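Both of the next two complexes hold chain A, though its partner changes from chain B to chain C.
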Partner chain A sequence: MDTATIRSIRELPAEENMLPGTPACAGCGGLLTLRHCLKALGEKIVIVNAAGCFTLLSIYPFTPFKNSWLYTAMACAPAGAQGVRDALDILIKKGKIEPEEDLKVVVLTGDGSAYDMALSSTSGAIYRNLDFYYICYDNEAYGNTGFQHSGATPFASRTATTPPGRTRPVGSQLQKKNLFDIWNSHRPPYLATISPAYPVDLMNKFRKAEQFKGPKLFISHTPCPPGWGFDPSNSVRLAKLSVETGLWPLKESVHGKVEHTFVPKKFKPVEDYLKEQEKFAHLFKPVRQEDTLKSMQEMVNGYWRRYKLLP
Partner chain B sequence: MLRLRFHGRGGQGAKVASRVLGTAAFLDGYNAQDFPLYGAEKRGAPITAFTRISRENIMERGVISEPDIVIVMDETLLSDPQAMPLSGLKKGGIIFVNTPNSPLETKERYNIADHVITLDITKISLDMIGNPVLSGLAAAVASRIVGIGEDAFRGAVEKELSGIISDRELLVKNTEAALYCYNAIMPVQIKTAESIREGENVITIPFEIALVSSPAINATGNTPLRRTGNWRVFRPVWDYEVCTRCMTCVARCPDGCIHVNEDGYPYADYDNCKGCLICVEECPAKAINKVREMHSRSGEGDR
Partner chain C sequence: MGKEMLTGNGAAAWGVRLAEVDYIPAYPITPQTEIIETIAKWISEGSMDASFVTMDSEHSMVTAAGAASATGVRVFTTTSSQGLLYGFEMLYTVAGWRVPLVMVNVSRGLSSPITLGPDHNDILALRDTGFLQIHCETCQEVLDSILMAYKLAEDERVLLPVMVNMDGFYLSFTRENVEIPDVGTVRSFLSEYQPEHAFFKAGQPMAQGVAVLGGEFYSYFKYQMHLASQNALDVYKEVCGEFEKKFDRKYGTIEEYMLEDAEYVLVMTNSFSTLGKAAVKRAREKGIKAGLLRLRVLRPFPDPDIKNALKGKKAVAVIDQNISVGKGGIIYSEIGGCLFNEKNRPLLLSFIGGLGGKNISQEEFEFIFDKIVSAVDTEIVEPPYLLYTENEWKDMTKLKETAGKE
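So, the complex of A and B:
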């Protein structure tokens, strides 16, 4: 892999390692993230995919990938990755394959798996310093089955299982788990948040991660047109807004030391992001839930204040 | 008993359409049953939903393999081997197709012998609602064909859609568009043979070994063969007078459907472009226009 950093989208590699024609929804933010990740990772990889939306990418007799792909249950993709890594190491040691034929092992899961079900197997894999990549496409709910609440669902989101109603007009009353900090407490060699709207930042993070042996973990915020309730054409705009409002900080951590890779010069109000989506529509109509909106803005301000990055 | 089958694409509202029809039939004094066929659906993927309507109790269960009426909410499904909307249609049955073409043209193009009714409900929804959401409109067409009264239909649309659409204004627009479609269709006499299933009709599915039920895919990168281009309602079209070759559209396409020609200008792979229109939204020079797709299909390769 080329490790030189790039400055503009014109320098993104032209090769496509994931082909069109997938069953993913039109305007899928996760697919855009994956397309750029695969540009960065190249062809010589094995994807270990936990059940989720992207399970549907490879359905017999079709696959969009040029690389191998293995499917696991929701809780155990990192365990599957351990098996694949071990098998490759043994084959190389026995001389059955050449060291140049080695493959990168890439775990690909949604937030339901990463934040909830696979938390323990991921913890184990990071703890054992397994040499692998983890890409989590976080659309903040169980999108594949009809958008049910997950550990990644943000406060006040409407989901299929947290519909806003008379007794609970807010929607989800729980806070989104901070998976970045959970993973970061293991002090992995490389951990970063990424966004499909910032492909240059994404590409440079993968290139930086390349130098490390051990877990290289990526969490991408990925707009989901049917789940969040917006027109597919706005997918990238929403991904941008989540970064520009400060809701989704772009950052990286090397051996536990956190640095932000992009800090908006002027933060947009969180409301700009919320009002674009049907899943937050109940905060504005029929009655504006002023206190909730204020507390959500305060949560974001609090985060950036903690890092002393709030202008 | 009348058996109806709805064919649409994920997001168009086939499931809700079958529901509205079922409720309308119930409000009109019939027994009704409605349900979708669940699979690994995604927006754009072929969806099937069913409605049974009868004066008697409905004892029949399961998917409808021999419908009296088929409602095709997306014309491209007629040539989609995954959907096959006409399969099992009873002799003398009725096919509704959402298309700007006339019934005669549609019969000729798809080689259909049975009774065809057409109406461009996508255009009506774009004009009257502003979105290509067809649930109420397809239900209206189906309700009119089977002869459900206008009051019962209106009640069903309002009841079912108010649970989904929170915006009052949008709900009114949906109801108006649905009633417009209801009145644009002529009721027809349905003369299919009533086939009553006799005796035991238990289907047994043989045990499959894993090699058969979840076979390995040995090919690489062959999804372009699926041709997801027929998901589009609008297609992106580049104005090369305005295009600055900035590569934004290429970087923003989730499906990697935008390529670059020798002169550095982007062009779309229309065979697989799903029509999400992120490129139209993101183009800084506003060089990409959206054009309503008419699906002349096959052999399209505008470069």
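So, the complex of A and C:
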């Protein structure tokens, strides 16, 4: 992998390691993230996948990837990565494959797996200092099954299992789990949040991660047109808004030390992001839920204040 | 190497060592733990060249085992009871990957109530997964079966994982004299694993475990597994033949004990078969023409061998060390299905015994033979008998009194 830092999207590698024609939804933010990640990782990789939207990328006998693929199950992709990594090491050590035939092992899961079901197997893999990449595409709900509430669902989101109603006008009453901090508590060599709207930031993070042996973990905020309720043409705009409003901080952690990689000069109001999506429409009509909107803005301000980055 | 006193668990570890397994993902559970402890010790002291990793659960353990096998190395792992069920989703999954890994299950009753003693509800829950199953009566058989299991699993006509089963405590912790073959002879029997169908390396990208959409495509892959499992019946016989040539020990899909001229037959599996054989001897002394059929291979189910062995018998008692609650014995149903279309099929009686390691006493075996003989006289077969002795009933009553329930 080329490890030189890039400054503009013109410097993104031209190579495409995922070919078009997948069954993903139009405007899938996760797919855009994955496309950029694969530009960074190259084709000498094996993706170990958990149940989720992207399981449907490889349907017999088709695959959009130039690389290898192993679908495991929902709770255990990091355990699959352990088996593949260990086996590759054994094969190289015993001279059964050449060192050039080695592969990077890349776990690819949605938030339902990463935040909920696979928390234990991921913790195990990070704890064992497994040399692997983890890409979590976080669309903030169980998207593939029709957008049900997950540990990644933000406060006040409508999902299929937290429908706003007379007794629960807010929608989801729980705060989004802080997976970054959970993973970071293991002190992995490299951990970062990424966004499909910031491909230069994404590329540079993968290039920086390359130098580390051990877990290299990435969580991407990924707009989901059918789940969130917006026009597919607005995917990148929404991904950008989530960063510009401060809701999705772009940051990295090297051996546990956290730095923000992008701080908006002027934060846009959270409302600018919320009002673009049907999943938050109940906060504006039939009655504007002023207190809820205020508390959501306050949560974002509180985050940035903690890092003394709020202007 | 010669003979050594080994527990069932120790014999299993020796099988793994002699098969020169590359990779062992592990997770502890009683009564299996001695197997992984023994292997870990050998690796640490350098007498075994393999990679060992303690995983975060049996679910992760089976996944890592399957994934490593799909990458191209020889893999072993082992569990028991609750652990087997915790990894259950992945047992179906890795069997579908067609990876030739070998596992040992050390049988133990399933919760609830949580317990330690053995029965076969754990291993028999696996019967539809695609794993082949070999059930062992002795420690020697455990060691030998692991060697045979790799040869069977890795055969390109099979390519299915194998589960070798032994009873917890009764076999796992019982020491017997075990012949440990020398590694050279084992190598001449079991060659190095060279995967042709499933591997990962740069330059030859491969998608494994992919989704299929459409019942016709799904069915194709499931039928393929079934046909491969059927192939395994013939391949197993070849493997047994070669094993006998190299090691001078003979195994079949079933073991026939005093069966040739027998009229009344017990069907059993695993270590309790030893009790059954003793009971057969005693019955013979009383003039009952008794015999025993021990099922060694349960998947693939050896229908032809069973039909042949039970041809012309008057009555057969299946002693199930398991219970399908609401139905009865699992193996009873399987033997029933196997014999149904036979012209002169024997009467088939069902007994449930040995759950959670409960003993099957001499008086219970006498009861079983009484029932078989009288069923032949009356041609009446009762529903499954739930074996329980009077003393056991008294002990249970005492516990209930202590609990304030009587």
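The rule is simple: the second predicted complex is superposed on the first by the 311 of 311 C-alpha atoms of A that agree within 3 Å, B and C clash if a C-alpha of one lies under 4 Å from a C-alpha of the other, contacts with A are read in each partner's own complex, and residues count from 1 in each chain.
As a working rule, contacts are C-beta pairs under 8 Å (C-beta built on N, C-alpha and C of every residue); 3 or more make two chains touch, one makes a residue touch a chain.
Everything numeric in this text was worked out from a predicted model, so none of it was measured.
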Fit or clash between chain C and chain B when superposed on chain A: clash
Touched partner set for A:Leu103, first chain B, second chain C, both or neither: second
First, second, both or neither for A:Thr161, with chain B first and chain C second: neither
First (chain B), second (chain C), both or neither touched by A:Gly83: second
Contacts of A:Val46 with chain B and chain C, given as first, second, both or neither: second
Touched partner set for A:Tyr60, first chain B, second chain C, both or neither: both
Which superposed partner A:Ser235 touches (first chain B, second chain C, both, neither): first
Stretch in clash, chain B with chain C, out of 59-67, 149-157 or 203-211: 203-211
Footprint overlap on chain A, comparing chain B with chain C: 55-56, 58-60, 63, 65-67, 69
Sites on chain B touched by chain A in the complex: 10-11, 40, 42-45, 166-167, 214-215, 217, 219-228, 231, 246-248, 250-257, 260, 269, 272-278, 280-282
Touching residues on chain A, where the partner in the complex is chain B: 9-10, 12, 14, 16, 18-29, 31-32, 35, 53, 55-67, 69, 144, 196, 199, 225-226, 231-237, 281-282, 285
Chain A-facing residues of chain C, complex: 22-23, 25, 51, 53, 55-57, 59-61, 63-73, 75, 89-90, 93, 200-203, 205-213, 217
Sites on chain A touched by chain C in the complex: 43-44, 46, 48, 55-56, 58-60, 63, 65-73, 75-76, 78-84, 86-91, 94, 96-97, 100-103, 120-121, 123-124, 127-128
